[in-house]
Amino acid sequence: MATLNVNIGGLELANPVLTASGTFGYGEEFADLTDINALGGIIVKGTTLAPRQGNPAPRMAETPSGMLNAVGLQNKGVDYFIEHIYPRIAERFSSEIIVNVAGSTIDDYTEVCRRLAPLPRIRAVEINISCPNVKQGGMAFGTTTDGAAEVTRAVRAAWPKTLIMKLSPNVTSIVDIAKAVEAEGADSVSLINTLMGMAIDVKRRRPMLSTITGGLSGPAVKPVAVRMVWQVAKAVGIPVIGLGGISDTNDALEFIMAGATAIEVGTAGFVNPRAAEEIALGLAAYCEENGLKSISEIRGII
Amino acid sequence: MEVDAKKVMRDFAVADVRPMGTYALLEMEGDLPEGIMPGQFVQIEIADSKTTYLRRPISICNVENGRLWLLVRDAGAGTHKLVEARKGDRFNIIMPLGHGFTVPAGKDTRILLAGGGVGVAPLLYLAKTLHDGGICPDIVLGARSKADVLLREEFERYGRLHISTDDGSDGTPGLITANPAWDKEFDAVAVCGPTPMMRAVASICAGRGIPCEVSLENMMACGLGACLCCVEDTKDKGNVCVCTDGPVFNINKLKWQL
Amino acid sequence: MATLNVNIGGLELANPVLTASGTFGYGEEFADLTDINALGGIIVKGTTLAPRQGNPAPRMAETPSGMLNAVGLQNKGVDYFIEHIYPRIAERFSSEIIVNVAGSTIDDYTEVCRRLAPLPRIRAVEINISCPNVKQGGMAFGTTTDGAAEVTRAVRAAWPKTLIMKLSPNVTSIVDIAKAVEAEGADSVSLINTLMGMAIDVKRRRPMLSTITGGLSGPAVKPVAVRMVWQVAKAVGIPVIGLGGISDTNDALEFIMAGATAIEVGTAGFVNPRAAEEIALGLAAYCEENGLKSISEIRGII
Amino acid sequence: MEVDAKKVMRDFAVADVRPMGTYALLEMEGDLPEGIMPGQFVQIEIADSKTTYLRRPISICNVENGRLWLLVRDAGAGTHKLVEARKGDRFNIIMPLGHGFTVPAGKDTRILLAGGGVGVAPLLYLAKTLHDGGICPDIVLGARSKADVLLREEFERYGRLHISTDDGSDGTPGLITANPAWDKEFDAVAVCGPTPMMRAVASICAGRGIPCEVSLENMMACGLGACLCCVEDTKDKGNVCVCTDGPVFNINKLKWQL
């Protein structure tokens, strides 16, 4: 029996399959339909210091092999999460729970991390410096090496456990950004966040989204994501978490062969709520069929 | 607060297709879950399509003889695939989703169901449920003309049917808000149809102080309350998901200007 | 009868529909199947100073709603074009013929332009500073404002007619690049070139393309292209030519409403060789149905 | 040099489907163009599929009674749609594409057609064309076992059929290069099948100095010579498009190491 265990900067995962922030709620929404505990972990919705109402509707537009979203970090804030949501899901789920942290200022990020730090079941945070849907959603930080380094430095000081920086693909060189956050002590990078896109309702002559532009996700972006994961995995020493259009085991294997240590399933879960669980099972089957002792044997073989 | 029925994801087979112009009524056979409430919906996968990626939310039109009825309007590549479906075709469905209409306990409750277009779909299962509970609802359906009145026979089975047509070719000419059905007193109104129709009905109810429930159709991705794409702004809770807090809302909860 | 005429920095087009470089050959390949003269113009294959053999096979991989290519500017060189191809197509086609010019050095670009300048039927060149498939394919120039400005300045001095700069989407701010080339005298910008992507053959455990990475095109990239066209059209004064996943009239209208003066049909022609012609007819029908005197009435209404 | 037949883009309807395990033979009806040469191919659109975007190149297997025969191997989502096709389904097809096999003029030409797997498809139309021209070709087909021999009856109609099977369940055991068919002298050989088979046949021909034509299957996008994706390196012209200069090449033109 092959091992699917992977280690993300100190965080041990039973398998490399995570669910992407903002696409799987808090796990509870999917619990009727799939076995949450079959996953390496879940990354819960982007959490901010204060509650956020998010953007007005319409927030979603379907596009070829994908979708645009402009949710705008709607969430009830970190204190509500700690008081009401964390106890519920910490008790209900045994797989790892990672919190995606978003903010508008450096202090937002660090304060949210400080408040999460005491929670024993939260062993890692994913810092979102790449939300394209909020003016102050951190993409300003995520599109320059200085900005990315600054956030990493501050959060590193406030967060003693595993620190994952989620990177924006809307840059000339994601490799430079990845190197910058590695240099500041990030334990891992996850990529890609959504590509900034736009769609127009030709009949009504207006944008499909209330915010005009939004974040593109789904199978459409997979080739860009695989390319960036491959480039970054070659350039940094820390583990890379790959995401972007992963819908099945074959997609997950593409990212792992490109150099990803773990992967996140996002938009695919909207179409197939069992996608992440099926991928976890599929990776195990792949290892069996190919006589691998560990999934790591094929990591980065491209 | 009621506990939601457990959601299931299963394949259903098309047992019968009733074409109705730009609409089609699909009768699907499969392992139906328990406790489906009127006003709830399903998320149906469109497997073979170059131009659709997401599932399509379709309201539950009826549950009869173990068959799931889905009334579909051909409104794009996704729904077109459904309208075109042939007997025996299989579709993957997630259900039951969302919170439905309030079903009054009292047998003497006077309730009006108002609908137009594909919006009549959830009202049929509501009418049937009321009828089975001993309530005979008034039902007012709006359509462009006589030929466009959907599911007439089915509605007549479960309540007193009133028709309004734009061209007067059937029932009362004009909008459903001008239908004599409104001359009676009602304890509750349920409406589903084009937004202008729902707003018009809602304002009548607001004026008369009748509790009114509307069924919304915001753009949806997951249908499970995870993606937060289909939100509607509410007075008490701000942005809530139509797919989980709705699709049926008491009009008092919404921030509609009436 | 509405007018579809548009003007691209002095170049009059009978309608806004062009075919994208490298996707329509020299028009001849499609002439059996569609009416070339129904188009505003054709942009012929990327042309270099010396003949190029391009990259080894495999050069193509299908992806969700799109494809990756790594052709690598295979062409017979500018002199062969002038001597053998130009006379044939200039005589055969009445629609505008635009040459896409590629190079590795500034001198490559300027010399190709000098040799093309005497050809009366070539009233415009599209300068490719964004080919992702050749180390020296110009993407180096296309990803920095200085590089883009430098090429534009040199080519502007060598080319007296309409000058279109084709921009890369693989940048943090395509608006900055567009402003830089406008400042150096470009008459127009066309965007987007392909997004840099990658696909892996999981079964064989190797990249799908001989070059590992390649250029992503097709409907998958349309939301990114519409967003960039909208951003650039708001920021520059010169006409914008939009491309990226345009498959039908509705897609073309999205780009025009986003601010494009003309559009290019590319990958869609591989699936439907008549796509460009159908779009030209479709735009005319749209103007009729909507009582527009000119297609320009809806340009940039978003 | 011959002038290419004019390409057309038209819808064709499935008139008959012959399932053959992982293969299917589709007989398509429609307005067939003139001058289709053996070895040419079509580009067929896969309209209803989430996972395929481009057309699929399929060699022309036969043209008989105004029907276009396409032999399809289920090798992925695109070809799966074709193998699954039902009678009456319509597909958009661009044809005829590429340059085919050389059809010798002399009735006494001794020619061997060698094929395996889906590669036998273009050889059937070549055999028929030779037969109609008064030439009786030798045909050697390779397959895993007896059950996997494709289009046996059809080939027997047009030439002397020799079979090689891996397991010896039919004809000669082993590869087609070991088939006694090779004991005869030939003026020309045409081969289509897996690359190792084509290389093996090509090297025999090289050794014997027999002109040999191979049909290639490189990955293709447009099929019209525009995208330059399907190139093969040649001795005289460097990288050329398989879709226009090929798919059939004389082995002497290629840079294969034999």
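The chains carry the letters A, B, C and D, assigned in the order they are written, with residues numbered from 1 in each.
Here is the rule we go by: a contact is a pair of C-beta atoms (placed from the backbone, for glycine too) under 8 Å apart; a residue touches a chain by one contact, two chains touch by 3 or more.
Just so it is clear, the structure is predicted and the values come from calculations on it, not from any experiment.
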Subject >> Chain separated most widely from chain A, comparing mean CA positions >> reply: D
**OP:** Using mean C-alpha positions as chain centres, tell me how far chain C is from chain D in Å, no decimals.
**Re:** 36
Subject >> Whole-Å gap between the CA centroids of chain A and chain D >> reply: 47
Original post:
Got the chain C residues that touch at least 2 other chains?
Top reply: 63-66, 218-219
Subject >> Junction residues of chain D - those touching two or more other chains >> reply: 50, 52-53
**OP:** Select the category (line, ring, star, complete, other) that matches the graph of chains linked by touching.
**Re:** ring
Subject >> Chains that touch, pairwise >> reply: A-B, A-C, B-D, C-D
Subject >> Sites on chain D touched by chain C in the complex >> reply: 6-9, 45, 50-55, 94, 218-233, 238-239, 244
Original post:
Once bound in the complex, which stretches of chain A touch chain B?
Top reply: 22-25, 29-30, 32-33, 45, 53-54, 56-67, 69, 71, 74, 218-219, 267, 269-274
Original post:
Can you list the residues on chain D that touch chain B in the complex?
Top reply: 47-50, 52-53, 81
Original post:
Given the complex with chain C, which residues does chain A contribute to the contact?
Top reply: 63-66, 68, 143-144, 170-172, 195-200, 202, 205-207, 212-213, 216, 218-224, 226-227, 230, 245, 250, 253-254, 257-258, 298, 301-302
